[in-house]
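Here it is, the structure, as structure tokens.
For clarity, chains are labelled A, B, C, D, E and F in written order, and residue numbers in each chain start from 1.
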Amino acid sequence: MAGVGGLNAAEQRELQGRMEQKQMKDFMNMYSNLVQRCFNDCVNDFTTKSLLGKEESCVMRCVDKFLKSSERLGERFQEQNAQMAQQGGMNAGR
Amino acid sequence: MSFLFGGGGRPQPSSAEKIAAAEAEIEMVSNMFNQLVDTCTKKCIPNLYREADLNKGESVCLDRCVAKFFEVNVKVSEKMQGEAAQRQGGAMGGGGGGSMFG
Amino acid sequence: MAGVGGLNAAEQRELQGRMEQKQMKDFMNMYSNLVQRCFNDCVNDFTTKSLLGKEESCVMRCVDKFLKSSERLGERFQEQNAQMAQQGGMNAGR
Amino acid sequence: MSFLFGGGGRPQPSSAEKIAAAEAEIEMVSNMFNQLVDTCTKKCIPNLYREADLNKGESVCLDRCVAKFFEVNVKVSEKMQGEAAQRQGGAMGGGGGGSMFG
Amino acid sequence: MAGVGGLNAAEQRELQGRMEQKQMKDFMNMYSNLVQRCFNDCVNDFTTKSLLGKEESCVMRCVDKFLKSSERLGERFQEQNAQMAQQGGMNAGR
Amino acid sequence: MSFLFGGGGRPQPSSAEKIAAAEAEIEMVSNMFNQLVDTCTKKCIPNLYREADLNKGESVCLDRCVAKFFEVNVKVSEKMQGEAAQRQGGAMGGGGGGSMFG
């Protein structure tokens, strides 16, 4: 993480702690976005109060697909980010 | 909301950690409720607002929507716990959104 | 609130204070979502700068309906939550 | 934004409470502005972006959208205060989103 | 800012500091909403991995237009806010 | 994410400021990633979910979407820096959303 270079050990520890809280929160957000999205796209029948078989299997495929997408996007994101950093910052590099 | 990502044997937490964990749990419940309101009103309440009261159909739709929303939460959390367990007993901190930090 | 069981009195007080702030914030969010939603659904005529009668009455019905929905959803949510807790947590219960 | 949920005679607040209240008020104004931007650009700016400038029609639409957005805020807050008053002079902490906490 | 009247100098300074952090955050949010919106509306061709000329010019016009809209909305917002404050608060004023 | 609003010669920051700045940078990256996920899955993944795996077309679309999303970020931040520079070397705190505070 380029911008973190200037921190001393104590500062890094403090930051580390906050980042762990943030990761927890990010995970929670990711989870609830996932649920909301898959519910929205897969559950449309409110004549019953239990999930239909096809709704459940749609949700399961949706979760799988969303996790795979996020993973792939995460990889590409890191690659692009690394490439940017290597160029010494977009603007400085010119 | 301990039913979502329940248990596991962890070391005794500090006071600040316990408060933070309780706070996170409340936040989680509260976010889940806000999403439920958002999702179920969109699914069940047409945006014409001809009348101020909930009619019978809307009320029943809301009730079923809550039941299905919980059911989906349970299924999804079971699935994700299953996968986390497969990747080895692991702490849940990782996965998806968190993966981008070195 | 099941998970709060492990806190002592001082911890509960601290948590209580934070929850009050959070409730205030939740109320504000609820209020502004309500306004945004009812504005979006009811106000579509920008040939005038004052609300039309029918826009205003639509907004009023929308607010009423939204509050009633939220209340009903809150009741069902608590019931489901209580039911889950009684089963000793979904996963532990198996 | 004191016009939204104004006044009432409360006990003298502490310094931290006063800062928190001022912060909450600023946050409220800021959120309201962000929603206004979101809502009114969606209502008034077509998403084709044929030109970089606002044309006359878009400008007038934005102005009217702001006026109507404020008017709706006033109506809704009056309505909610009226109802809160009916349920007995009550503090506003409750209602909707907050109701799920024991 | 009407409601800030009751703060003493130290309290104002504390608030000032928090507001600067908030402004920074608001700017970041504004920036990322801008990017998301213009990306959404202008970029729809994923048969190439570089921006097309017409996508780029659409994004540039979109950014311009969005900034001008925000500025205009900010002016109107302040006017309305000032007007409200002058009336001594909507409800108190009756 | 220093490529977005890079550099400028500022006075030496305090420890708390450095942590806050690092935190803000991480938050910025994280928000950008979340938006990317939101935007690119909407653009590339049809909401029918016929299969649990990403197919070839979806995978390629996601990759290109990331590339284009970065390119748009670079263009937009260059444009905004250019304009900020024109208005005189200014600190970036102002602009758009922040303008409403006296």
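As a convention for this text, a residue touches a chain if its C-beta (ideal position, glycine included) is under 8 Å from a C-beta of that chain, and two chains touch if they have at least 3 such contacts.
From a predicted model like this one, the values you see are computed outputs, not experimental measurements.
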Most remote chain, CA-based centroid, reference being chain B: E
From the options E-F, B-C or A-B, the pair that copies D-E, where over half of the contact pairs coincide: B-C
Most widely separated chain from chain A, with each centre as the mean of CA atoms: D
Inter-chain centre distance, chain B versus chain E - centres from mean C-alpha coordinates, in Å: 30
Centre distance in Å when chain A and chain C are each reduced to the mean of their C-alpha atoms: 25
Euclidean distance of C-alpha centroids - chain C vs chain D, Å: 16
Residue numbers of chain D (touch at least two other chains): 26-27, 29-30, 33-34, 37-38, 44, 63, 67, 77, 97, 100-101
Numbers and ranges of chain C residues touching at least 2 other chains: 1, 19, 26, 29-30, 38, 60, 70, 74, 77, 81
Chain D residues touching chain E - in the complex, by the definition given at the top: 1-4, 6-7, 15, 18-19, 21-23, 25-27, 29-30, 33-34, 36-38, 40-41, 44-45, 47-54, 58-59, 62-63, 66-67, 70, 74, 77-78, 81
List of chain C residues in touch with chain D within their complex: 1, 19-21, 23-32, 34-36, 38-40, 43-44, 46-51, 55-56, 59-60, 63, 67, 70-71, 74, 77-78, 81
Chain D to chain C touching residues, read off their complex: 20, 24, 27-28, 31-32, 35, 38-39, 43-44, 60-61, 63-65, 67-69, 71-73, 75-77, 79-80, 92-102
Complex contact set, residues of chain C against chain B: 1-4, 6-8, 10-11, 14-15, 18-19, 22, 26, 29-30, 33, 38, 41-42, 58, 60-62, 64-66, 68-70, 72-74, 76-77, 80-81, 84-85, 87, 89-92
